[in-house]
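What follows is subunit A paired twice: with subunit B in the first complex and subunit C in the second.
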Partner chain A sequence: MQAVTQQVAGEALKGFLARYDGLRARLPGNADVRDAAAAVLRERGFPTPKDEPWHFTNLRPITGLDFQEPIGDTQAGADLLSLLPKVEGPRLIFIDGRYRADLSVLPEGLEVRSFAGTGLFGALTKPERDRVVALNTMLTEDGIIIDVPAGFDAGFLMLAQLTSGKHRRVASHPRHRISLGADARLVLLEVSAGIGEYLNNPVIEIAIAEGAHLTHGRLQQDAKDAFHLGTIYADTAANAVYDCFSLALGAKLGRTEIHARLGGEQAAVHLNAAQIMGGNQVSDFTTAISHDAPNCPSRQTVKSVLTGKARAVFQGRIEVARIAQKTDGYQMNQALLLSPDAEINSKPELEIYADDVKCSHGATVGALDPEQLFYLRSRGIPADQARMILVRAFLTDAFEAVAHEGLRDVFEHAVEEWWATTGKDAEAPSA
Partner chain B sequence: MPAVAETLETVRSVTGSTYKWGFETDLEMDLAPKGLNEDTIRLISDRKGEPEWLLAWRLKAFAMWQKMEEPHWAKPGYPVIDYQDIHYYAAPKKKGSGPKSLDEVDPELLRTYEKLGIPLKEQAILAGVEPGDEERLPMAVDAVFDSVSVATTFRSTLAKAGVIFCSISDAVREYPELVRQYLGSVVPAGDNFFAALNSAVFTDGSFVFIPKGVKCPMELSTYFRINAKNTGQFERTLIIAEDGASVSYLEGCTAPMRDENQLHAAVVELVAMDDAKIKYSTVQNWYPGDSEGRGGIYNFVTKRGACRGARSRISWTQVETGSAITWKYPSCILIGDGSVGEFYSVAVTNNHQMADTGTKMIHIGRNTNSTIIAKTISAGHSDSTYRGLVRMMPKAQNARNFTQCDSLLIGDQCGAHTVPYIESRNPSAKIEHEATTSKIAEDQLFYCRSRGLSQEDAVGLIVNGFCKDVLKELPMEFAVEAQKLLAISLEGSVG
Partner chain C sequence: MLEIKGLTAEIDGKEILKGIDLTIPQGEVHAVMGPNGAGKSTLSYVLSGREGYEVTGGTATFNGVDILAMEPEERAAAGIFLAFQYPVELPGVGNANFLRTALNSLRRARGEAELDAVQFLKQARAAVKKLAMSEDMLKRNVNVGFSGGEKKRNEILQMTMLAPKLALLDETDSGLDIDALRIVAEGVNASRGPDFSALVITHYQRLLDYIVPDHVHVLADGRIIRSGGPELAKELEAQGYAGIIGEAAEAA
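On to the complex of A and B.
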C-alpha cells in the first residue's frame, strides 16, 4: 500500500497540494468544495493504470514533474493570440487560466461573468470520482460563466485557453460554466493552445434546457511539450441537443473526457471526435453517455489517424438506465495505423438495463488498403498524395458530422496545418 | 403491449423447479475436513498417490494464492466466500483399490449418471440400445463425481489409436513426464486468484493426449457432477494435440439444488502443435439458484489454449445456461504463424443469475486469425456481460480478427453489457468489431404469430435463430441438448 502511495504522490501532486495550502484563503468560491477535492487527491493521488478508467493512459509523465504557478506574463499575449484560428467574431481569451478582458471581444446581448468574480461551482462535476477534476476544483482561479437566456440565439463564440510555458513549467485550471435557457442556441468554439511545457486542465460544465441547442467544437492544439487534461460534463433536458466535435492534434499527452447525460425525452447527444497524432504523442478520448430518459438518440463517430510512435486511446461507454426505453445508441470508432510503431487501444462499452432499446457499436482497426493505394497509383497519383487522399477520405465521415460550416472550416484548416508541419513525416501532401 | 405484460407475468411465475438435474445422490463419502491449509493439500496429494514434484508444485501455488487478493473487477458482485468453510476433497467411498471396470463402480453412482442421461455403459451404447438414441455415435466419457473421476469409457479403444484419454490422476501416475511437461504451461500456477487456488487443490479432471498425426476416432467428453454438500469442485483438464493431431472434446456439468452457493474453480489448458486442431465444447448447466437467487454454483473458471504450432487451431464453443455466477474467459494465445482461434458463445441468464464471460485473443504470430461470435440473452432480474480482449502484438503481421457480440434482452429488469478491449500494435493487422443490443422485434413476433405459432414457440424460434451461428458449431448431439437447454432456461421468461 505504501509503495502505491509513493508512486502516485510524485512531484506534481506535492507541488499542487502545497500550492493549494498557500492559496486557499485567496481562492474564490466555496472553500468546502475545494477542501473536499483536496482531500480526495491527498488520499488517493492521481489515477494510475490500475484504475479501470485509466487502464490505457498512464499519467506518469505528468505526475513526475513539478509545475509552477503562472506569473501572468502580459507580454506573451500577442504571441499566444497568433496561435488562434483565424475566425471573426466575439472571443473570450484566457491566458494561463486567467480571463483577459483586454484581449477579449464580448458577445452582443449576452451576459458573461467570470468565475473569479462569482466563485460559483456547478453541481455537475464529480471530483470524488474524477481526480483530474478534483485537481481543477482545488486550484481553479478563473473561468467564464455564460447564461444564454431562453429563446435567445447567441450565435458564435470562441473561448480560448492559452498557456505559456515559455519561461517556467506552469499549470492552468480554467473552470467554465455554460447554461442555455429553453430554446436558446449557441455555437461555441473552444480552443486550447500554447507555447512550451505546461499542463492545461480545463473543466466545463454545460446545462442545456428544454429545446435548446449547443454546438460545441473543441480544438486541442496544445504545444508539443504540453499536457492536456480536459473534462466536460454536459446535461441535456427534453428535446435539447448537445452536439460536440472534438479534434485533438496537439500535446505530448492529452486526454479529453466527456460525460454527457440525456435527462429528458427526445434529447440528443453527439460526441464525435478525431485524433490525429504523430511522433511520440499520446491521445485519449474517453466518453460516457448516460441515457436517463426514454426516446433519446446518441451518436458517436470517433476516428484516429496515427503515425510515428503515436498512441491513441478511445473509451466510449453508453449506459442505458432502466427508464430509458426506446433508446437509440450508435457508436463507431475507427483507427488508421500509418506506421509500424503506432498503437491504438479502444474499449467501446455498452451497459444496458432497458429492454426496448437499439444500441450498437462498431470498431475497426487497420492500415490503408493497399488495393486502394494501387488504384490511385495506377492513375498516376504519387504515393504521398495517394496516401493523403485516402487519409482524408477516412476522416470525411468525422468532419461531416460538424454541421456548422464555420467550425468545419476551422477543423479542416487545422488538419491541413498539421499535415504541413507535424504530419510531414507521415507522407504529407505536397499541396 | 400485451407481449410485455405477459412477459412480466411469466417472469414472476418462474421458479427454479425447471432445473431437472437438481436431485441429490446419497452416497457414503470420503471427505477431507473443512478448511484450506498445507495439510489439506498434503492430504489431497496423498489420497491421489502423487509424486513429490506435484505436491511441491501445489504447495508453491498455495503460497502464491495466500499472497493474492480476490479479484473484484468483474460485474458480478457476490457475498464473501469463506475458503475455510469448504471441503476440498470429496470422493465416493471406494470398495477396494478403486474401480478398474464399470462392474466395480457403485451402482448408485451408475444410476446417477443414467438419470443424467450420460452413457457410461460401453456395450449399451455400442449396441444402440439406449432408448431413442439409435443414431447416437459412440462417445468416450470421463465421469467426474465431486473430487474424483469415477469412470472413463472406451479407454482401450482409444488406446489402440494411440490416444490417451483418462482422468488427470491416472495420467499423473501413468504418464508423469507428459503431465509434468505441460501442466501449468498455459495457465501458470500463479496466473490469477482462482487459478492459483485450483493449482493448489485440484482433485481431478481429464487428460487427453493425441499423438502426432492422429485424428481422434471418437468424440471425447467429460461429465462433471458436484454432489456433496459444502464442497467445491476444482477440476483440471489438460489437452495436448501433437503435430497434425485433431480432437473434439465436450464438457457437461450439473449439480444438485441447494440453498447455499458452491464454488467451482476449474482450470483448462489446451496445447496445439503444428497443424493440430482442438475443438472444445462446453454445455454448462450448473445449478443456477432458485427464482429468488438463493443457492447456485459460483463458476469461476480459467480456460486457455495455446496455439503453439504453425497453422494450429483452437476452437471454443460454449453454451452457458447454468450457475448463479459465471466468470470465465476461454482464451487463445496465437503463437504459431497462421494459427487460428475461435470463440463461439451463447450465454443465457434468467432470474438472478449473473454471467460475465467472453474471450481473449492474443495475436503473437504472423497471419493469425481469430473469430469471436458471442450471443447473450438476459431475462428476469439477471445480468450478463460480454468482456473480451483482442490484442495484436507488434509481430502479428497481417493478423485478422472479427468480433460480433449481440445481446438480447427479455424483460425490463435485466441488464446486458458489452466490454470489449481492442488493442493493436501492428498496422497490417485488421480488427473488426460489431456489437448490438436489442429486444425481440415485435414485427418478427407478429410474423410468427400470424402463421399460427404460439407466443412461446415464436420466441423460442427467434431465440434459436439468434443463437444459430453458435449452435451450429456444436457437435450434433450437443446442439440438440443445447437447444433444449435454451428453451428450459428461458422457460416462463418469455410471453
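On to the complex of A and C.
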C-alpha cells in the first residue's frame, strides 16, 4: 500500500495538502467539511486511470506539477477581462478564484452573496466520491451564492472565472451555489479563461425548484497551457428545467463533469456539449443523469471536432430508478475527426431499473466528406472556408439546442474565432 | 476558349479518358453525348478539379491558362462552373448562405466588392423567380430533401447567380419534367452571349431542341469519336450509338 500512496502523492497533491495545512484556520465555512475532503485526498490521492470514471483521462500531466497559491495579481485584471466574450449585462468576475467587486456588475433585483462571506457549503456535492471536488472543497476561498426568488425572471448573468498563471503556476477553486425558487428563471453564462499555466477547478451546485428554468451556458476557453477540472451538480424538482450547453475549446487537459438529477415529475434535463480541440489537447465530457421520478425527459447531443492529435472523451451515464417510469432518455455522441491522429473515446452507460422506459443512444465518427468539400470549392469557396462551413454544419444541431439567442451568438463567435486562430491551420487539406 | 488536347486521366489506376481533343471557342455551346460509362462526367470532373482523378497526359487551357494545375476554387474564380449530374446535399448549410458565400468568394477573388445580405437577397429572389422555384428553396439546407428536378434547378440557380464564363452542364436535363426542362433551358439561353460558353452533357436530343448547340460531339470509351452539327444529335436519337461506334472502330 505504501508504494501506491507514494505514487499518487505527486508534487501537486503534496503542495495542495501543505497549502491546506497552512490556510486551514483562515478559510471560510465549516472546517469539518474541509477536513473530511482533505482526508479523502490524503488517503486516496487523485484519481488514476485505474479508477473507472477516469479510465480515459489520465490526470498525470496535472498531478506531477506543483501549483502555488495565487498572489492576487491585480494588474492582470485588464488583460484577463479582454478574454471575455463581448456581451452586455451583469457580470460577476472572479480572478484566481476570488471575487472582484471592482470588476463586477451586479444584476438588478437579485441578491448575490459570496462564499467567502458566508462559508455556506451545499449538500449536493460528493467530495468523498469525486476527488476533484474534494480538492475544491478543501481549498476553495470564494464563489457566488445566488438565490433567485420564486416567480422572478432574473434574465441574463455572466459568471467569469479568470485565472492568471503568468507569473507563477497557480490553482483556483471557485465554489458556486445557484438556486432557483419555484417558477424562477435565469440564463447563466459561465466562462473560464486565463493566461499561462494554471489549474481551474470550479464546482457549481445548482438547485432548481418546481417549474423553474435554468439555462446554463458554459464556455471553457482556458489558456492552452492550462488545466480545467470543472464539476457541476444539478438537482431539478417537478416541472423544472436544467438546460445546459457546454462548449470546450481551451485547456491542455480539461474535463467537465456533470451530475444531474431529475427529482420530480416532468422535470427535464438537457446536457448538450461541443468539444473542439486541436494539437495535443485532451477534453473530457462526463455526465451522470439520474432519473429519480416518472415522466421525465433527458436529452444529450455531444459533438466533438478534433484536429491534430487531439483526443476527446464522452462518458454518458443514465440511471433510471425503479420509480422513474415513462422516462424518455436520448443520448447522441458524434465526432468529426479532421486528422488521422485525432481520437474519440466514448462510453455510454445505461442502468435501468424501471420497466416502462424509452432510452436511446447512438454514436457516429466520421471525417469531412470529400464530395461535399469539392462541391463547395467548385463554387469558388476556398478550401479552408469550405472546411469551416462543413464543421459548422456538423455542429448545427448542437447549437440549435441553445434556445437563447445571446448565448448561441457567444458560442458561434467562439467557434469562428477558434477556426480563424487554430482550426484552420491545424490540418492542411487531406489531398 | 476551352482547349483540351490529348487529355488522358485515370481513377484508381484505371484509364477512363483516353485522349480527348476538344475545343470550345468563346461564345459557343457544345453538346457531348455518349453511352453510359463513356467518361463524360469524368471529363467534367477533371476540368473542374475534383480529387481522385489523375491526369496522366495532355493539356487543358481556358483562355490560354492551364487549368489542370489550379485548385477547384481557382477554376471557379476563372469562370468555370460545373452543374453536377448528382448535386451534393449539405445538411446544416442553408442554401441562401451557401450561395452568398460562393458569390462573395468569387467576387473577392476577382477583386470586386462583396454583396451584403440585402443586395444578395434581391438578386437571389429575382433569380429564383425566373427559374419558377419557390423562395422556400433559399431557406432550406442545400439540396437536402430536394426532389431530383429541384436539385437540377438549384444547380441552374447557382449558375445564373455565379455567372460563369464556361458552364459544364452534366445531364442537367435528366430528372426534369417538361416544363422544368424548358425553364432550365431558358436559364441557360439567357446566359448565352459572346462571353459565355458551355459544354452540355446529355443523353437526350430534346434538350438540344431548346439549347441549340453549335457543335455536337460523341464521347465513347474515353475518346471523342465523332463531331458534327446539331443534326448529329438527331442522327444519334434515330440510330443509337452502336452504328457510330462501329464506324469509328473501322476507321481506326
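Definition applied: the second predicted complex is superposed on the first by the 415 of 431 C-alpha atoms of A that agree within 3 Å, B and C clash if a C-alpha of one lies under 4 Å from a C-alpha of the other, contacts with A are read in each partner's own complex, and residues count from 1 in each chain.
Throughout what follows, a contact is a pair of C-beta atoms (placed from the backbone, for glycine too) under 8 Å apart; a residue touches a chain by one contact, two chains touch by 3 or more.
Because the structure is predicted, anything quoted here is derived from the model rather than measured.
K.L.:
With both complexes overlaid on chain A, does A:350 touch subunit B (first), subunit C (second), both or neither?
P.N.:
first
K.L.:
Which partner chains sit in contact with A:112 here, subunit B, subunit C, both or neither? Use first/second/both/neither.
P.N.:
A:112 sits against neither subunit B nor subunit C.
K.L.:
Once the structures are superposed on A, label A:83 by its partner contacts, choosing first (subunit B), second (subunit C), both or neither.
P.N.:
neither
K.L.:
Looking at A:322, would you say it contacts subunit B, subunit C, both, or neither? Reply first, second, both or neither.
P.N.:
So A:322 only meets subunit B here.
K.L.:
Which partner does A:389 contact after superposing on A: first (subunit B), second (subunit C), both, neither?
P.N.:
second
K.L.:
Check whether A:371 is in contact with subunit B, with subunit C, with both or with neither, and answer first, second, both or neither.
P.N.:
The answer is second: A:371 touches subunit C but not subunit B.
K.L.:
What is the contact status of A:124 with respect to subunit B (first) and subunit C (second): first, second, both, or neither?
P.N.:
After superposing on A, A:124 lies clear of both subunit B and subunit C.
K.L.:
Which chain makes contact with more of the residues of subunit A, subunit B or else subunit C?
P.N.:
In the superposed model, B touches more residues of subunit A.
K.L.:
Is A:380 touching the first partner subunit B, the second partner subunit C, both, or neither of them?
P.N.:
second
K.L.:
Name, in rising order, each residue of subunit A that touches subunit C in their complex.
P.N.:
370-372, 374-383, 385-386, 389-390, 392-397, 431
K.L.:
Where on subunit B does subunit A make contact in their complex?
P.N.:
73, 392, 394, 407, 409-439
K.L.:
Considering the complex alone, what residue numbers of subunit A touch subunit B?
P.N.:
Listed in rising order, the residues are 52, 322, 325, 335, 337-367.
K.L.:
Which residues of subunit C touch subunit A once you look at their complex with the stated criterion?
P.N.:
48-52, 71-73, 75-77, 81-82, 84, 87-88, 90-93, 98, 101-103, 105-106, 109, 158, 162
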